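The same chain A turns up in both complexes below, where it pairs with chain B and then with chain C.
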Partner chain A sequence: MGDLPPRSSVKRWLVTTNHKDIGILYLLTSVFFLVVAGVLALLIRIQLLQSGGTILSDAGYNQVVTSHGFLMIFWFLSPFAFGFANYFVPLQIGADDLAFPRLNAMSYWLYLFSGVLVLGSFFQGATFMGGWTAYAPLNVPSYIPDFGQVGSFATILALIAFIGSVTIGSVNFLTTIYRMRAKGLRMRDIPLFSISILVTVWMMLFAFAAYLAALIILSSDHLLHTSFFALETGSGPEATDSGSLLWTHIFWFFGHPEVYIVFFPALGVLGEMVQTFSGRRLVGRKWFIIAMALVGIQSFIVWMHHMFLTAISLEIKTVMMVTTVAISLPFDLMVFSLIYTMIKGKIRWKTPFLFSLGALVIFIIGGITGVFLGAIVLDYSFRGTYWVVAHFHYVMASSAVILIGAVYYWFPKMTGKMYNEFLGKVHFAMAFIGFNLLYFPMFIVWETPRRIFHYNSGFTMWHQTATAGAFLFAASFLVMFYNLAKSLYSDRHVGESPWSYVASPEWAVSSPPPLENFPGKPSFASGELNFLDRAETDGGVEDAATDGGVEETLAPPEEHADHASWWPFLTASSVVLTGFGLAGLSVSHFVWPFLFAIPAFVAALGVHGARQDGFAQIHGIYMMLSFPLLALFFIFFHIGIGIGELASMSAYFWAALVGAVWGAYTLAGIGYESFEVPEPKMAEQWPFESVENTKLGMWTFIASDIIVFGAFIGAYIFTRIEYGWQEWWKLAKDPAAHTMAEQALEHHPVLPGLINTYLLLASSFTVVLALSAARRTEDYSIGPFSISNRSATVTFLGLTFGGAAFFLVNKGIEWVDLFVHQGWTFGVDVMSSTFYLTTGMHALHVIIGMLVMLFLIARAWTGAYVGEGEDASTIEYFGLYWHFVDIVWLFLFPLFYIL
Partner chain B sequence: MLGSGAIQTLLPRLGAVATLSRTQVDIFSRLYLVFLGMGTLVGVVVISYLVYNAYKYRTDAPDADGKYDVEEVQDDDVVRPKLGEMPSSSKGGKKLFLSFGISAVIVLGLIIYSYSLLLYVEDTGDVEPDMEVNVEGFQFAWAYEYDNGFETTDELVVPNEAVVGLEVTSRDVMHNYGIRGLRAKSDAIPGQTTETWFQADESGEYQAICFELCGNGHSNMREDVLVVPTSVWEQGQEEYDFDDPEEFGEWYQQTLEAWQNGELDNQLEVTN
Partner chain C sequence: MASTKTYTAIFVVLMALSTTQAAVEWLGFLEDYYWETLGVIMVLSTMKALAVAGYYMHLRDEPRSITYVAMAGLIGFLALTAGASYSII
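== the complex of A and B ==
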């Protein structure tokens, strides 16, 4: 931790945790990915210049189509919107920063490094080539050519890292918006853009969790050779009966909300831009917001309209048709609201307004053509054609067009300089014409099959027109880059706002805003924005005046504005090496890098702890403990693989090992870094007045984790129903298919699971005792014996750790018996796959919990959390997580052992 | 669902079966036309109204000093946005709901109308398909199995005017079987069977294309479908026993060769 270096220094951008800096980093990085994905789009258009293709091979074309989708949707659209969200949500709601600034930096770096990983996959043979929808079982190794296996898996791992970034970001924004609003600012009063971000992050929190589960299942098929999507039989790969549908269900459960996730932030800015440049308050603002919230909820019950031609029943199709068509109506309302806002306006046709207007036209066309797809009979014919391609580009790329408008809208605010209006208008004209030249012909020649470069010879002219449009659209961005770069160094300074009729608080501060955002504490208590004197509101200065020593403990809330930390960057960077290595590892090798990272983590806890808290016995114990632990794992390694093999290990192994150890070291580092962000004072916090920031963050994180496990359990139930609920047990008994499995089944015992249930319940109890011991102000004494509350806390944490350890040992014995002795391996059938992966995911949660406990024990040992003046909340937050892990087991136990 | 009844064992004797009043092509064309008409109308009206308003209420006032925008004015009838205000709405809620109501009526009307046609496509009532063909997708072609047991991975050959039921599945990854021009399309999913049907109005050459990305050969996964005139089919039935897969196979080979040599050209109504 330290003060921020100036913006001209590279170091500033590596260590910053300030939301405005991170917003800029997000914007620049996402524009980089826009360029990459845009070049890929141009390659597609060049390939389509004539039927049969021009420059790309089959595999090449599939890779380009796939990565264009992934990069545009995940690495450009959302992060671009969240660049603005980072910058402007705190400004709009009157907060100094996001609730968790360091986690926010972590979000960004995870995003960047996941992007490095996905771009790197091109150089690992080939990137994923099964389309961004990644339908099963084309997405598993059995059906991927050898040269594409490593790169495909790297792409999947990159997506997982990206979801890590998204989840942290969602938790952060939810906590910020609920807990850090200026006094007097009710939820319904926050500016439209911030509201749209709120709805977006709610959708993100749940939708991406489902996708994460799907990707973990997919990774498991890649790495462990489980058989969710395909079985390896003696005669070659064989798709499972349930796998294809399972993937499409989970994917689209995520995928449809994702469409709104990329669109809503743009919709929010659109509302603000239309209001500003019309000079008239939005018509029906309340209904606009209600419509958005409605779409956010409804987006989770329309997904099967992507599956009308699969074997789902007519009844379900009908329900999905109704929900799908109904979801278009709130959008109608929003569009009309924007149009009516213009009436009696004082409309200035500035560049941001032009982009708003153009995007509205585009979105209206996209919306109408979407209704076509909602009519099932039409969808039957449109499925897999360019009608779909044209429609979703009209919708999703209208989001991009709006956000480009937002660049012009907020550029003066972010830089303090005005862009060149003429060049802005040239950009709009080129972009709008290029856009429609590019996508409208796709409606005309909609019978072109999607992701295919063969088409009717009569379509050639239209495809060539589209290609010309694509180049015009691409060129328009060069105008923007030139305009903005040139304007940055111009002398066209702007004051607080270059625009008239602005309303939201970001326009009330200088351009660019100061590091601490506001000249005083923003408040709406009087019914309009005021800046109160900070000294009066915080009370910090008065205390400091009487006693300088108190100043530190009563740090005013804005003090974290210049917090700097290396750890987010360093921690996230471990993702690149780990992901690169893991992608190329086999099932027998992959676990070792992570096992060896455990002693590294224990040692790092000792080292960082000694540095931060002063050397204590526990740190010595940790450092010493790491050696026998390492030796133990070496012995395991020797038994499993053989020490001699180390010399012949691939680069993937070493990369994963270095990455995992680096990750362990940096995670311990970030845990130990002192990074205090005080609870917000004087803030509007309905409905979470009585929940601290970190607790709310933990709750939202657990909410998303519930969806992850929900998807796993759902996948299990879906698969099992597909095979027949009771026939399931016989599945493994089929002696022809799996001779070993029959015995395995008889040894699939209930007892280990039952013992483990009790162990976990007991450990939930001890963690509560640890918390109550930490909160106690005096020592425990029983008769002649006395034990300090510090020792009691450490003991109860230790007991919890012990319970978890026993749980794992017990599970290990069970697994070794099933796996080694019974030969019931991961991929022998879908039953074993669901069993190992779902209980394995739970075990992974237990292990993560144990690693956190090691940290907590070391901290508690040195007196943290315990006694008066100390905050025991960290133990409470961990306890929430731990109870959650236990509750999950209460669901898994009956599902996998009894029913 | 169509084809849920007993699969017929005989290939159709044409003329003896009831044909459907509307083919998938008819239904699609009509529905597409209605949607296109309404869609264009709504689109043109809404976009024109949008652009009209944006143009009508534009202001030509020059930029104010020190700003890059006009001077803010407050007039009597309209309350303009003010910096730092608590957000609130302009008037116009009634109009908003009126438009919302109208669009709801249009959209729901369209969907209800299309739903009646969906029910027809999904269940053609008493009319059993004249013949059933099992289609199995594999990387990167189609395998067909006729009612009589005849199997081929070459072109699908069916008679004109017959209602052909398709049962579609996949051997490996997910495909989508679609015959362009006949509006038959169905996902080919491993481990699952989906159903669809078609009826050709015109004999000729059609194409069965894979509409779901299925691997490196996806772009080339296309195969002709040959709809022979009823006369050709009936003549075949007179000369060969179509219930016997081998005899049918002989006819099938002969017909394909004739077609490839261009002998059928003058009898086919649709050619590629």
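== the complex of A and C ==
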């Protein structure tokens, strides 16, 4: 499938992979979530009209406060910014689209369906109630009321799906910005908004990976009843809630960068708008960018300033206080740069500028009040009060105010129509007054305790003022919706740019831009923007320059690119049913839907493969193999649960089953779909010139996965240090060990781990040999015997699969022994929790790798990857993943089997 | 890509180092020299990881920028683990 239906067709919006379409989808969806989260905010403010509340129950208030936070931060603010990023980053860097358009669509649909899942959690008893920080132990089942168990877990699963979207998006933007810039566009010359997105996606790649690890561990506490986050070590006065502390560490390692993840895209637009409406280049632009990058790095070493009231040591608190104060310095530089640009320029008081200026004032107030929280002693008083609430709304919501300004700024470019300036200014006035009326009183009555609706009755007037401000702020958005809707159908057409000073390439194309973005291949090689003829001519030098007719060497012709695919939508849709079902399943039931999905995947590989490559033996084998596999899992099911129980299985089971099988079918479909995305032949690609897009994408994904596994291993190390590092080991080796766990560990020998190390190393070796065979030009021959490269490739891939299968069998034997024979189950103690979950997470990676290998084997069998005109890179990219899984095991082996 | 001989030699070394790690435990060094042995075992794991990354993942042949991408993830892991662990010592 390649071409797109027209925009008037519903199908267009379901199949599109075009970055501008997806940008619009992101913007509209995030505005929907803004409205939902905004209504929740109004409910909070109505509840706070008087101390003790008005309309909500205790549990209702907790749900509303929690969901408001989740939805605003995750499902509105970042996706809203990334709607603009989707639309404008390729335009600003001179690319036709993002590097991986289908993954971009997948990213959007995962975002949407994760949002459906979190909204659906309200109807599964109750959604999560423990605040957006989800502090332990309020996030573990034993601290959640029964009626909230399923909905709470559904919320956690929705967050995991959302992070899937974020990770795919981060990989995509990094690859795009590094590899697809127009010729001559140096990194330092990229427009500010795109630079801010670059810094943001770096932070997202790592920060969300840590959060993902925390959420997977939390899911394990819910599903498998492991005991990470409810763990207490020691006893009596010496007891420590080490589980709570662990959650707080991982959460804020993510959570503090998240503040900048939300703010930086807005900061980038702010820089662009200040430039445009001051009519001059940003003062100290280079230093502004360096400061932004510096904050991006520093954001990962300040997280414990959110933990000054926990049991961490005073030494580390002091270090974090210093790093926190230090991070404000680059921000000062950026703020002064913006202010000085305005002073030196000639201001045009258009609506986007009013929002920029207003947001800058708001951000400065938010920043200054945050410095108080960075000081340990002051934080002791301010923590858990409305000072914090006011501060972070001044910071986070300032980014929303900037992005609203960006709506007005880019509306003419996206629609080709001009908004009504008067209504825009009315919106600003209402929003600015409403915002400050809402949040400033919170500084005045800062002693109001956070998260509850009981406060000193003397504060009532200020809280009622805040509520009035909230409604004014909300009403201002109605003015915007009316303005934009009316303007869209007006006859106020605009040309390339409605602004008299612009500094980024999106303003050099028509409004709205054409599907392929540019009238020719954009190039900055001459020092200014030119559009080169895409068509190949015999050495001719044609130039379609828009600004001076500079001669350029012709760009090589571009290959045809596909723009449409059903599979991202279809694949992501499986998340809803799977998540809905999984949330309500018990530990004994949850695994079966996924096991039954495996034969479905194998069969789907056969079906899709036969359709795409023409029927071959391997497709028949896969189709036939799926039946005994299914029968095998049915036998297991009968032994474990009983076939007769199927009739009484809950709706959750069937939902998870259908969702998992649907996901398996669609994943095979997306794997086999032919979707052409040519890499640009003429692009600025420093510092990754000699690395293909997919390889860079794979490496950035691996970097993210390093953090995921790192957080698991970090959690293990933290927990073990808290327990006593050597005590842990000594107990395991003590012949006088008397507890069940200790006996299990005593009989938990090195050998199974060593055998699995051999198996994984061997499979790493064979996958290298498979790549080597695919790239050979001559067949293998030993004496009279010869084997074709195709057969050798299939054989080595098969051996790799075999190594992985034996790894799992060996692990299965080991686990059955520990689990069944020795009674050392998931939640017996923290040792069993860390062992099963960390090595289980690794095993999950092995299983995913095996499923991909089945695909590779089928493709290699039918002649892909080998010989003239074929590209073996797919095997290489898979190999990167597989070797990474191997490397992780090289550390898990000593940590869990030797030390 | 390196030659098949090189890949085979790396494989043999990896297997030997893994056996050495297990042997250290079997010989009882952990009983008497726990921290020293821990250090040796982790160094051996690091050597194995570097061999896999350098040769099997071809990091030796890629531009250094790819190594820096992977290093960024590694530094993030070390920052989280070291910071969190130090906070409770």
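Please note the rule applied: the second predicted complex is superposed on the first by the 848 of 899 C-alpha atoms of A that agree within 3 Å, B and C clash if a C-alpha of one lies under 4 Å from a C-alpha of the other, contacts with A are read in each partner's own complex, and residues count from 1 in each chain.
Basically, a residue touches a chain if its C-beta (ideal position, glycine included) is under 8 Å from a C-beta of that chain, and two chains touch if they have at least 3 such contacts.
Note that the structure is predicted; figures quoted are calculated from it, not measured.
Chemist: Given the touch rule stated above, what does A:893 touch, chain B (first), chain C (second), both, or neither?
Modeler: second
Chemist: Regarding the shared-chain residue A:10, is it in contact with chain B (first), chain C (second), both, or neither?
Modeler: A:10: touches no partner chain.
Chemist: Going by the touch definition up top, name the partner, chain B or chain C, that contacts more of chain A.
Modeler: After superposition, B is the partner touching more of chain A.
Chemist: Give one of first, second, both or neither to describe whether A:505 is in contact with chain B, with chain C, with both, or with none.
Modeler: Only chain B is touched by A:505; chain C is not.
Chemist: Check the residue A:761 against both partner chains and state whether it touches chain B (first), chain C (second), both, or neither.
Modeler: A:761 sits against chain C, while chain B stays out of touch.
Chemist: Touch test for A:245: chain B only (first), chain C only (second), both, or neither?
Modeler: both
Chemist: After superposition on the shared chain, which partner residues are touched by A:361: those of chain B (first), chain C (second), both, or neither?
Modeler: In the superposed model, A:361 contacts chain B only, not chain C.
Chemist: Return the residues of chain A at which the contacts from chain B and from chain C coincide.
Modeler: Overlap of chain B and chain C footprints on chain A: residues 240, 242, 245, 307, 311.
Chemist: Can you list the residues on chain C that touch chain A in the complex?
Modeler: By the definition above, chain C touches chain A via 1, 4, 7-8, 10-11, 14-15, 18-19, 21-22, 24-26, 30-31, 34, 38, 41-42, 44-45, 48-49, 52-53, 56-58, 62-63, 65-66, 69-70, 72-74, 76-81, 83-89.
Chemist: Which of the residues in chain A end up touching chain B in this complex?
Modeler: Going through chain A, the ones touching chain B are 53, 58-59, 61-62, 65, 129-131, 133, 135-138, 143, 145, 189, 191-192, 237, 239-245, 275-276, 278-287, 307, 309-311, 314, 317-318, 321-322, 325, 328-329, 332-333, 335-337, 339-350, 353, 357, 360-361, 364-365, 368-369, 371-372, 374-378, 380-381, 383-385, 412, 418, 421, 447, 449-454, 492, 494-495, 497-503, 505, 507-508, 524, 527-530.
Chemist: For the complex, give me every residue of chain A touching chain C.
Modeler: 202, 206, 209-210, 240, 242, 245-246, 249-250, 253, 300-301, 303-304, 307, 311-313, 315-316, 687-691, 696, 699-700, 702-707, 709-711, 713-714, 717-718, 721-722, 726, 729, 733, 750-751, 753-754, 757-758, 761-762, 764-765, 767-769, 771-772, 775, 876, 879-880, 883-884, 886-887, 890-891, 893-894, 898-899
Chemist: In their complex, what parts of chain B are in touch with chain A?
Modeler: Chain B reaches chain A through residues 1, 27-28, 31-32, 35, 39, 42-43, 46-47, 49-51, 53-54, 57-59, 61, 64, 66-73, 77-93, 95-96, 99-100, 103-104, 107-108, 110-111, 114-115, 117-118, 121-122, 139, 170, 172-174, 176, 178, 180, 183, 185-187, 189-194, 196, 209-220, 222.
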